[in-house]
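Paired with subunit B in one complex and with subunit C in the other, subunit A is shared by the two complexes that follow.
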Partner chain A sequence: MTFKPAHISRMAIALGCILPVVLLFGISLSQNWAFPKLLPQQFTAANWSALFTKGNSITTGLFTSLIIALLVASLATASGFFTSQVIAYHRFRRQLIVLAYLPFVISPVIFAVCLKFYFIRMNLVGNIMGIVLAQLIIAFPYSIIFFVGFWNQRIKQYQMAVNTLGGSNGYAFSKVIVPLSRPMLLVCFFQCFLISWFEYGLTSIIGYGKVQTLTIKVFDFLTEANLYYAALSCCLLIIPPVILLWLNKRIIFRRIE
Partner chain B sequence: MFLTLKNISKKYAGKTVLQQIDCSVPPHITMSILGKSGCGKSTLLKIIAGLEQQDGGQVLLEQKDISHTKPNGRNIVYLFQEPLLFPHLDVFENIAFGLRVRDWAAAEIKVKVETMLQSLDLESHRSKMPHQLSGGQKQRVAFGRAIIINPPLILLDEPFSSLDVEIRASMQQLYKKLAQQFNITALFVTHDLKEALLMGDQVAYMEDGLLQVFDKKQDFINDSRTGVQNEIEFWNTL
Partner chain C sequence: MFSKTANRLAIFLLFALAVLPLLAGIGYALLYSLGVTGALKTGFTFEHWKKLFTENNVLASFLYSAAIAAVSLLVSVSVSLWIALTNHQRFRKGALSYLIYLPLAFPGIVAAFFFFQFLSKSGILSRLFFQLHITHSIDGFPDLTNDRYGIGMIVTHCFLSIPFFVLLFVNFINTERITAYLQLSATLGAGSRKSAFRVAIPMLLRKSLPNIILYFIFMFGAYEIPVLLGRSNPETVSVMAVRKLQKFNLLDIPQGYAIAILYTVVVFSLIVLMLKSRKIAYDL
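Then we have the complex of A and B:
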């Protein structure tokens, strides 16, 4: 068997991606790894089984993150889809798109500090709804920018074609526009989920330490030097995006084929 | 008269596109409208279909004022320059679309679509997706999708402009056959002089938002503005 340079570089990339994950899983399954020992002194499933104990903070963080990410992804995708239609056919289209880019001009942490005053006034600091709203300030314009190119003249003509064939705007929407946009809707949902899932700056400032998402927990464990729980949280952090990637591949790519 | 247009006018950003258009179309004929690009032909068709709103005037279909009726309530089909087949539906479903809108029973849809596929010589393509069809086949499916709902009026906005010469000629023949078979009343917009004469039972000429309908084709041929005389002169001097 001969190895070509392309094979070697591909394998190197694959190892570069897989090894950190393997290492994380290894650390999450270990205890008593102190310097200068080369390997952990004990391998155990105790860290993982602790997830199933009542009131475990990592499990709570996982579900909190899931609720927030699913809410943000659903709301941002749906509202961005409809809003982008209005913007795409608006006479001030360009100006409105520029406005949608504004939340990305400054860092999320600075942005959160700027917003914090208003969130305190509205009693939205330290609760899930506040974090969902804060993350939507990033995810919603992202969704608008994502969809605005979809609403072109051709889509408008499809709608007109349905209208002259006797279908209402609602019929055109459900039977033509949604089926045509389904792959984009799924990708946008996936991207918004990831934006929310890995969001740290806005969440830590607006959450005020009271809402512990999984990302926040990872940073907490790292500052506590709790390597094993940090690795365990990282493993859990990876699982939902991997499932979504797999679904994405199955649903969207199979459709394209 | 079947279709009557009374004083239709339209402006875009202060620029007059249609000026007091008056026109009547009898039933079961195809009126072709010849005009250069930007003369207002497509705007006129879109106003009749309800896809654009006129600034003034009335559209009457079978003596009924439909000027403010929504496009889906007019029962007038508009065929665009491109076939605009729905890319997620196969040929059968594209043709059946208008029948599904009208909630026809599945068995009736099957019979009607099969008959239409035969008329269009598309039986072997019934399960193909639009991207698997040639330009001419796509346009045939678009015709089938329009005709199957038996609309009182069809508006054709340069439907063959994107086809090459041979396919264009065969599509013109097919349209003539279908128009006769299904007693179609239609307005056929084109910027091609030969096509206007071939397709229309009656011919009209549009220039700068003004429409002139010719009672006889000979009047159209004799009118210097239409360009027919220039064309004859060109071929005679060749």
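Then we have the complex of A and C:
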């Protein structure tokens, strides 16, 4: 069997994509891995089985992250879809879209330190509601930017056709617009879920260390030098995005086909 | 087309959830940095801003962040262009079309953790070098994390951004019919290298310029990666702002807010540049 440079480059790309996942799972399944050993002295499922013990902090972090991400994704997708429709057909469309861009591009951690004063005043520091609101401030503009391209002349004409045939705006929305936009709604939901799921800086500042999401746990385990639990938390952090990105790809490709 | 109430509600949502927090945050930071508000208010003063510009480390921090972002982008865009142009058909079907999505599933903090384990002195690469007798002790391995040149940060940024740019370029190759242009230039006598550099790459770069600027902004303001893989001197803008605002020295807080304002001005200028680079399309 001969290897051409093209084969080698493809294998290198595949290796670059797979290696981090394999190594993270490997570290999460190991114990006693001192320098200069290339492989851990012991492989064990103990770290993973600890997840099922009552009150495990990683499991709690997983559910906390999941609740926050689901709330943020649902609220951002619904409100972004609704708002983007009005913005897309608004006479100040361009200016309103620029306004939507601004909070989305600022570093979340810098945004969070600037907003912390108001969150303290509103008693929203150190609780889940505060984090949901803070993440919504980033996910909502993203959702608007995501959807604004969807509202084109074709969609407008569909809606007008329903109106001409006697259907109300509500009927057009529920029977025409929503079915047409279902794949986009799903993709936006996934993306907003990922924005929330990946978030660390803003969560650490508004959460004040009291709301322990998985990203916060990774950092905590690192500062405790608990390499194996940090790797385990990392694995839990990448499993849902892998599933969502796979679904995302399936949905996008099905739409194209 | 919409009822007045729906219109008003949508605009209210945009202002309440996007514009108001931004203005309130920037306003508070500006007033704090000018000594007008906050626990340390002294009355209107430019003292904290003057300090900001006289201390070299603030300017160094901005330049360092920009340099890390620029080098990361240069490497990732170049590598992505090469991968997309040589393998674009492989990303439509087959294993690579799925595997390329894997790095996109990595949050910044997970990628930073992985590369810390991979590139640090006691990391996997160092162990491999030791086992292969290339190095003879832990100190024999070079500093690739928390290092002066930000190698760990650059590698991590590249790992996260290359798949994004590959997918973007592959998409443009298909939608902009780049292969047809390449065939045309080949018919007119251009070699494959000349066709790539004179036709495909300029077209792809022009089309993706807003995305490149946007990615620069994200890398410039990144926090998780520099906080794990960076060092305290020089430090990136986000790390410096958070350190000044969150740590123990209260006298640093006004300066921290001034840095946040300066950062915001830089980002907004880049956004204006990005919007100018694409007249109509705002979609990411």
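Remarks
Here is the rule we use: the second predicted complex is superposed on the first by the 244 of 257 C-alpha atoms of A that agree within 3 Å, B and C clash if a C-alpha of one lies under 4 Å from a C-alpha of the other, contacts with A are read in each partner's own complex, and residues count from 1 in each chain.
The definition used in the following text is that a contact is a pair of C-beta atoms (placed from the backbone, for glycine too) under 8 Å apart; a residue touches a chain by one contact, two chains touch by 3 or more.
Note that the structure is predicted; figures quoted are calculated from it, not measured.
Superimposing the complexes on subunit A yields a three-chain arrangement in which subunit B and subunit C fit side by side. Angle at subunit A between subunit B and subunit C, computed from CA centres in the superposed arrangement: 100 degrees, to the nearest 10. Within the superposed three-chain model, A:195 lies out of touch with both subunit B and subunit C [touch as defined at top].
Looking at the shared chain after the overlay, A:158 reaches subunit B, while subunit C stays out of its contact range. In the superposed model, A:24 makes contact with subunit C only, not with subunit B.
Of the two partner chains placed by the overlay, only subunit C lies in contact with A:10; subunit B stays clear of it. In the superposition on chain A, A:102 makes contact with subunit C only, while subunit B stays out of contact range. After overlaying the two complexes on the shared chain, residue contacts for A:141 are found with subunit C alone; subunit B is out of touch. With both structures placed on the common chain, the touch criterion links A:249 to subunit C but leaves subunit B unconnected. By the touch criterion defined above, A:176 lies against subunit B but remains apart from subunit C after alignment on the C-alpha atoms of chain A. Legend: residue contacts after superposition of the two complexes on their common chain; A:113 is shown touching subunit C, with no touch to subunit B.
Judged by the number of subunit A residues each one touches, C leads among subunit B and subunit C. Measuring only between alpha carbons, the smallest separation of subunit B from subunit C in this overlay is 9 Å.
Note: no residue of subunit A belongs to the subunit B contact set and to the subunit C contact set alike, using the contact criterion stated above. Those residues of subunit A whose C-beta lies close enough to touch subunit C in the complex are 6, 9-10, 13-14, 16-18, 20-21, 23-24, 27, 35-38, 79, 82-83, 85-87, 89-90, 96-103, 105-111, 113-115, 117-118, 136-137, 140-141, 144-146, 148-149, 156, 159, 169, 197-198, 200-201, 205, 215, 218-219, 222, 227, 230-231, 234, 237-238, 241-242, 245-246, 249.
Per the touch definition, subunit A reaches subunit B in the complex via residues 154, 157-158, 160-168, 171, 175-176, 179-180.
Residue ranges of subunit B in contact with subunit A, taken from their complex: 49-51, 70-72, 74-78, 80, 82, 84, 86-88, 97-98, 100-102, 145-146, 149. Within the complex, the subunit C residues that touch subunit A are 1-3, 6-7, 9-11, 13-14, 17-19, 21-22, 24-26, 28-29, 83, 86-87, 90, 95-111, 113-114, 116-118, 122, 124, 126-128, 130-131, 138, 159, 163, 214, 217-218, 220-224, 228, 237-238, 241-242, 245-246, 256-257, 260, 263-264, 267-268, 271, 275, 281-284.
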